[in-house]
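Two complexes, one shared chain (subunit A), two partners (subunit B, subunit C).
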Partner chain A sequence: MNKYTLSKRQAVNELSTFYSFLAGFLIALVIGSIILLIQEKNPIDTFSLMFKLSIGSVNSLSSSLNKATPLILAGLGIAIINTVKLWNIGAEGQIFMGAIGVNLFYINSNLSNPTILIFLLLLSAFIGGAFCILIPALAKVLFGVNEIITTLLTNYIVIGLTIYLVNGPWKDPNSLNFPAAAYVGKEVYLPTMFGKLSYGFLICIIFTALAHYLKNKSVFGYEMRIAGGSEMTAIYAGINAKQKAFFAMLIGGGFAGLAGGVELLSQTHRVSTGISQGFGYTAIIVAAITGMRPIGIFLVGTLFGALSIGGSVIQTIGVSTYIADIIQASTLFGALVIQFFFNYKLLRVDDD
Partner chain B sequence: MIDIQLLGLLNATLQAATLLFVAALGELITEKSGILNLGVEGMISIGAVAGFMTAVNTNNIFLAVIVGVLSSSVFASIHAVVTVVLKQDQTVSGLILTILGLALSSLIGKNYVGKKLDTKLDSFFSIDDPSNILQVLLSQNIIFYVAILLMILVSYTLKNTMFGRRLEAVGEDSKAADSMGLNVTKTQFIATCLGGAFAGLSGVYLTLSYVPYWTDNMTAGRGWIALALVIFGGWKPYRTALGALLFGFLEALVPRLQTYGFELNPYIVKIAPYIITILILVLLTIYKGGKTGAPKNIGIPFFRENR
Partner chain C sequence: MNNKILETKNITKSFGTLKALDNVSFNLYEGKIHGLLGENGAGKSSLMNVLSGLYHPEKGSIYIKNQKYKISNPDFASKLGIGMVHQEFRLVESFSIKDNLTLSRSNIYIDNFKTAYKKYSEIFALNVREDEAVSNLSVGEKQKIEIMKLIFNNSNIMLLDEPTAVLTPQETLQLKNSLVTLAKEDMKTIVLITHKLKEIREFTEIVSVLRNGKMVSNDLLTQEVSNNQLINLMMGKVKKSQINKNNEIGDIKLEVKSVTSKDPVNNIKKLDDINFQIRSGEILGLAGVSGNGQVELANLIAGIEKNFEGKIIINNNDVSNKGVKSRKKLNLSYIPENRLGVGLAPGVSVLDNSIVKDYFQTKLGPHLSKNRTVKYLENLINQFSIKAPNPKAEISTLSGGNMQKLLMGRELIGNPDVIIASQPTRGLDVNAVEAIHNLLITQRNKGSAIFLISEDLDELFKLSHKLLVIYEGKVIKSFSTSESDIESIGLAMAGIGE
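Let's look at the complex of A and B:
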C-alpha cells in the first residue's frame, strides 16, 4: 500500500501569491455563480452588468477608484503593522476616528486658506486613526495584551462614539431622517481630477509609494522586520522591538484614519455612520491576499473597489449587495487553498 | 422576598452569560487542540440564521436547533480544511470566516428580516412569581441547563478521557503527539468542527430565544467577547463560565443603571461592555504577568518533517 506525506518545497515561486490570487478569484466567481443560480439569477448577465457598471464608463470607473481609495489606504495600514507581525483588525474604527478627527479640527478652526486647511484636516485624520489604536498599542507593548481582540473591540467603541456624536453634540438639525453631523464647507472638499475621480486617489497613490518605501526600502522598515522576527536577533542587533512595534501600530492606524479623512472630504462631506461600509474589514482581505505587499494592495484594492461598486448597483435587479463581500472573502479562501500547493508537495512513500 | 429588580438583573445576567459561554466553550475546545479560530462571530451568525429559517419554515424548534448547530459545524470545517489540512495561516482564515459568515448569513437571511416566530425555544417552567429566586433559577431557558451540562461534560472530558488527553497533547506539542502515534490532523479537525457546533448552539439561542428575530449583524461583537472569555478563563471551562457570568452581568447591568438612579447617556451605555472587555483583558494580562495558560502550539500549523 502506498501512503502519502507532505513535503515543504525548498524554493517557492516568487509569483505564487499572484497566481494564487488569480486562481482564488476564479474560484470565488464560481462560488458567486452558484449562489446566484440558487437565487435564480443568471450569473453571466449579473457579472457582465457588474463589470459594465463598475468600469464600463469614465464615470463608473472613477466611482470604482474612489471606492478603492479607503480600501487601499486602510490595507496599507494593516500591511505596515504586519511588518512587526502584529494584526490590525481595528481599521474600521480607525476610519471612523479619522473622519471624527477631521470634523473636530474643522469646527474648531478659523483658518481661511483652504489649501492649508485641507492639509491640516488630513493630518488630523491621520492623528485620529493613530489615536484610535493608541490603547491597543500601549496594551500590547507594555503588557503583551492580544492586539487582535483589542483592536477589533475598538471598532465597536468608535462606531458607538460616532452614533453618539451624530445624535448628540454634532447633530445637524437639518438632517431629519438620517442622523449626521453638519456638512463641512465646500471650500474643503477634495476637488476632482477628471470625471468623478477625486484627488483622494492621488493621495492614495502617493501613500502606496510611501508605504512601499517605508516597508521595504527604509531603515525603519528593516528594523520593523527584525523586530517582528526573533526576539534574540532584535536584541543582538540592538533594536528596541517594542518601540518599533508601537510606532508601526500608530503609523498603520494613521493610514486607516487618513482613509476616513479622505472619504469624508471627497465623498460623504460629513460625519455619519455611512463614513465606512465595512472598508476596514475588506481591507484585511486585500492586505492578506497580497501577502502584505503595498503595490499588490493597490492593485487588488482597485479591483475590490470596482467589485463593491458593482455589488451595490446590482441591487437594482434584486441581487443582494452581499454577493460582492462573498466573492471577496471566497477569493482569499481560494487563494489560501492554491497557495498550499505552491508551498508543499505530496510525496508518495512506500511502506517499510 | 428579594427585590424584583435584582432578580430581573439576575435573570438577564444568566441569559447573556449563557449566550457568551456556549460560544466560548466551543472556542476553548478548538484552541485546546492548538487551532485558533477567529471566526466565532461568523459561525454564531450562520447558526443563528440557519436555525431561525428552519424554525420559521417548519415550526419545529428541535429541528431548528439541530440544523443551526450542524450548519455552523460544517461552516467551521472550512477553517479546518484551510488551516488543519492545508496548514495556512490561522489568523487570516479565521478573520475571513467571520467576514464570510456575516455576509453569507445576511444574504440567505434577507427574506427573513422582520419575520416572527410562532414557537420559541422555551424554558421547562414559566415564572408566576418573579420575586421567588428559586423560580427564576428553575425557569431559565433550556439552553441554560444545556450549557451547565456541557460545562461539566467538557471539563470532565478534557481531564479524564482519552479524547481530552489527546486534545491536550496535540495542542501542547503536536510533534511529540504525532511521534506517540496520535492523529494530529484528525484531532484538530474534530476540535474545530466541535467549536463550530457550540457557536451554532449559541447562535440558535440568540435567534430562537434571546432576541428572538433575525436581522443583519445581530451578533454585535459577541463572538469577539467569547474569544476574550477564553483568554479570561485561562482555557479552563469553569473559569470561562465565571468570566461569562461577569460579562453577562455587565451586559445586563449597564442598561439597568438608570433605574438605580444613575443618569447615563444611552449611546455611551451601549459601548461600555466593549470598553470594559478591553480593560479586563489588560488587567488580567498584568495580573498574570504574561503566563496566560494558552496551549503552547496555538496558531502553529502542524507539519511532519521528512524522516
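Let's look at the complex of A and C:
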C-alpha cells in the first residue's frame, strides 16, 4: 500500500511569500467570480468597476489609501508581536482603546497649540493600545497564559467599554440619540495632503519604515527573533526572553492603538462603535499573508483598503459589499495553501 | 534458570546506517529480576522498545513461552503480558490514580479494584487515596503508579527504563524492596535498565550487557561476576591514545569553589560541594554518565542558572552573582550539550545564529549592521570550513557537523580565556569528531582553559590533562590521565568508588 508523507523542503524560495500571495489573490478572484456568476452578475464588469471606483481617480485613490491606513498600522503591530512568535488577535480592541485614549486626553487637556496637541493625542492613542494589551502581556510573561485567548477576549471588553462610554459619560447631547461621543474640534483634525488623502497615510509610511527597522535591523529585533526561536537559546545568549516578549506586545499594541487614533483624527472625528469596521481582524489576514513582513503589510494593506472601497461602491449596481470580504479571506486561504507547498513537498512512501 | 519466559533470537534493528541492535539474543526467566547494563547509546532502550512493540526489527524473532510472536504494536505486547515504564511517564495528569490504573482495556482489576489497590499500595508503600489526581503526586509516587499500571494491565514481564534516575536514595531502596516482593510473590519477570553497577548488584539476579548494539554477555549470574568484569564488558577496549600534553600551563583562569545546588522541587542535591580550578593551557575533563549533574554545573558556570551556593571565579573576578553577558565579557565561551535548542535557535537563520555570542559587542555595531554581521559569518565560514551556502536559510538546514562547527567557531573565534565544552562530539561522524578535537587542541595551545564535559572515555583520555568523575552530583574521584587505569575510571563512572 502506498502512503503519502510531507517532508520539509531544505531551501525555500525567498520570494515564495510573494508568489503565494499572487496565487492566493488569483484563487480569490476565481472564487469571487463564481459567486458573482451564481448571482447572475458579470464578474469582469464588476471587478473593473471596483478597480475604477477604488483607484481610478485621485479622490477614489485617496479614499482607498485612507482606508488602508488603519489596516496597515494594526497589521504592523501584529507583525512586531509575531517576531517573538506570539499572536495578537486583539488589534480590534486596541484600535478602540487608541481612540478612547485620544478622546480621554482631548477632553481633559487645555493645550492651545494644535500641532503639539495632535502629537500628544497620537501618543495617547499609542499608549491606549499598549495599555489594552498590558494584561494579556503580563499574563503571558508571568503565568504563561495563552495570548491568543486573552487578546481575543480583551476585544469584547474594550468594545463593551466603548458602548458604555458613548451611551453614558461621553454621550453627546447633540447627537440626536445616536450613541457617540462629541466630535473633537476641527483644529485637531489631521489635515489632508492632496485630494482626500489624510496625513494619516504619511504616519503610516513612517511607521512602516519604523517597524521594518525595529523588526529586521535593530538589536532589539534580533533579540526578539532569538527569543522567538528558542527561549533557552535566548537565556544562553544573555537575552531576557520574557522581557522581550513583554515589550514586543506593548509596542505592537501601541501600533494598533495608533491606528485607532489616526482613524479618529482623520475620518470619524469622534468615538463611536463605528471607529473600526473590523480593521483589527482584517489586519491579521494582511499580516499573515505577507509572512509578517512590514513592507509586504504596507503593500497588501493598500490593496485591501482599495478592495474595501471598491466593495462598498459596487453596492450601487446591486452587488453585496461582502464580495470584498470574500476576496480578502480567500486570498489568505489560497496564499496559505500555496505557501504550504513551498515549505513542504509531498512524498510517496512504500509501507512495509 | 529453568523457566525461560521470553527469548529473542538475532534481533537486528537499524536506523539509517546505524545499527542500533545487531544480532541480539536475550533471555528472560520467570520470577527473576534482570539487569540490562550498557552505556548510553548501547541499544538498551532500543531492545526494550522492540519487546514492547514500538520498534519493528528487520531481522530476528521473539519467543514467549516457546511460541513465536511478531509484536506489531504496544497493544499486542500488552496482550502478551509485556509492559514498559518509560523514562518519561505516560500518565494522564488530570485523571485520578484509579482512572489511570483502569484506563487500559486489558486491565484485570476493574471489579475488585479496592482490594487490589490496597494490596499493591502496601507493596509499594504508597499512602495516597485512589481518587487523588495524578498531577498532585510526587515524581516517586508517579513512578509507583506507572509500575502498578503494568500490574493492573496483567503484565507479567515488566520492563523498567532507568527507573531510579528520578528517585532519592531512600526511594530507590523502597523500589528495590517492592520489586523483590513482586518477583517473589507474583512471579513477575522484571528487567531493570541501568548503567549503575550498584543497582545491578542490589536489585538483580541475572545481568546482560550490551555494547554498541551487540549483546556482549548474556545470562550472567550477578553474584558470580565482578564489578571489573562488568565494566570491561560494558566499555570494551578504550583506546589509550593521547595527544602531546607537555604544552605550557599558565595562570588559573576558572575556579569553582564549593558549589552546591539543590532541585527547588524536591530539595535533592543536584551538585554537592564541587571544587576545581583550570589553568591557562589546561584541559580538565569531567567524566560521568549524563544526568549526574553535568548540565547543571555547566549552566552554573555559564551563568544560565543562578540558584546555587559557593563561588565561581573567572579570570580572578568573582562572577557568582553576575549574568551571562558579563561572564561573556570576561571571555568565557560555552558550547552547550544541546546544540539545537540551546546553542542554536531553531527556526532562525544561519546568520542570526552565528552572532549569538557577540551581537551586543560594539564590533557588530549598535544597529546590528548587516554588512558587519555578514562579514562576521563569512569569516567564521572560512576559518572553520563550515558548509553554509545561504546565510538566510534556517539553521536546521545545516548538517549536524556543520551546525556544531558553526557553534564552536562562534564560541572560539574570540580566543576565549575559558571554554566549557559539553559533549562537543556527541552524535558526529569520525571526521567531524577529529575536526572538533583539533579545534580544542589549537585553542588549548593558544592558552585557553578548557573544561571538557563528556561521556566518551576515549575523548576524555585523549584530550585532558586531568579527569574528574562526577556521580550523582558529586565529584567522587579525580585522576591524572598519564597515570591512571581505565577500569577504575569506569568503576567510578558507574558509581563504585573506593
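One rule holds for everything that comes next: the second predicted complex is superposed on the first by the 337 of 352 C-alpha atoms of A that agree within 3 Å, B and C clash if a C-alpha of one lies under 4 Å from a C-alpha of the other, contacts with A are read in each partner's own complex, and residues count from 1 in each chain.
The definition used in the following text is that contacts are C-beta pairs under 8 Å (C-beta built on N, C-alpha and C of every residue); 3 or more make two chains touch, one makes a residue touch a chain.
This is a predicted model, so every value here is computed, not measured.
Of the two partner chains, subunit C is the only one touched by A:Tyr236; subunit B is not. After overlaying the two complexes on the shared chain, residue contacts for A:Ile326 are found with subunit B alone; subunit C is out of touch. In the overlay built on the shared chain, the residue A:Leu176 is in contact with neither subunit B nor subunit C. In the overlay built on the shared chain, the residue A:Glu14 is in contact with subunit C alone; subunit B does not reach it. When the two structures are aligned on the shared chain, A:Gly228 is found in touch with subunit C, with no touch to subunit B. By the document's definition of touching, of the two partners only subunit C reaches A:Lys217; subunit B does not. The larger set of touched subunit A residues comes from B, when the choice is between subunit B and subunit C. In the superposition on chain A, contact is made by A:Gly160 with subunit B only, not with subunit C.
No residue of subunit A lies in contact with both subunit B in one complex and subunit C in the other. Within the complex formed with subunit B, the residues of subunit A that make contact are 5-8, 35, 87, 89, 135-136, 139, 143-146, 148-150, 152-154, 156-157, 160-161, 163-164, 167-168, 281-282, 284-285, 288, 320, 322-323, 325-326, 328-330, 332-333, 336-337, 339-340, 343-344, 347.
Interface residues of subunit C facing subunit A in the complex, by the touch rule stated above, are 56, 302-304, 323-325, 328, 334, 336, 338, 341-348, 352, 355-357, 359-360, 366-368, 370, 390, 392-393, 397. Against subunit A, the residues of subunit B that register as touching in their complex are 38, 78, 81-82, 86-89, 91-93, 95-96, 99-100, 102-104, 106-107, 110, 220-221, 224, 227-228, 231, 265, 267-268, 270-271, 274-275, 277-278, 281-282, 285-286, 290, 303-304, 306. In the complex of the two chains, the subunit A residues touching subunit C come out as 10-11, 14, 85, 217-219, 221-223, 225-226, 228-230, 232-238, 352.
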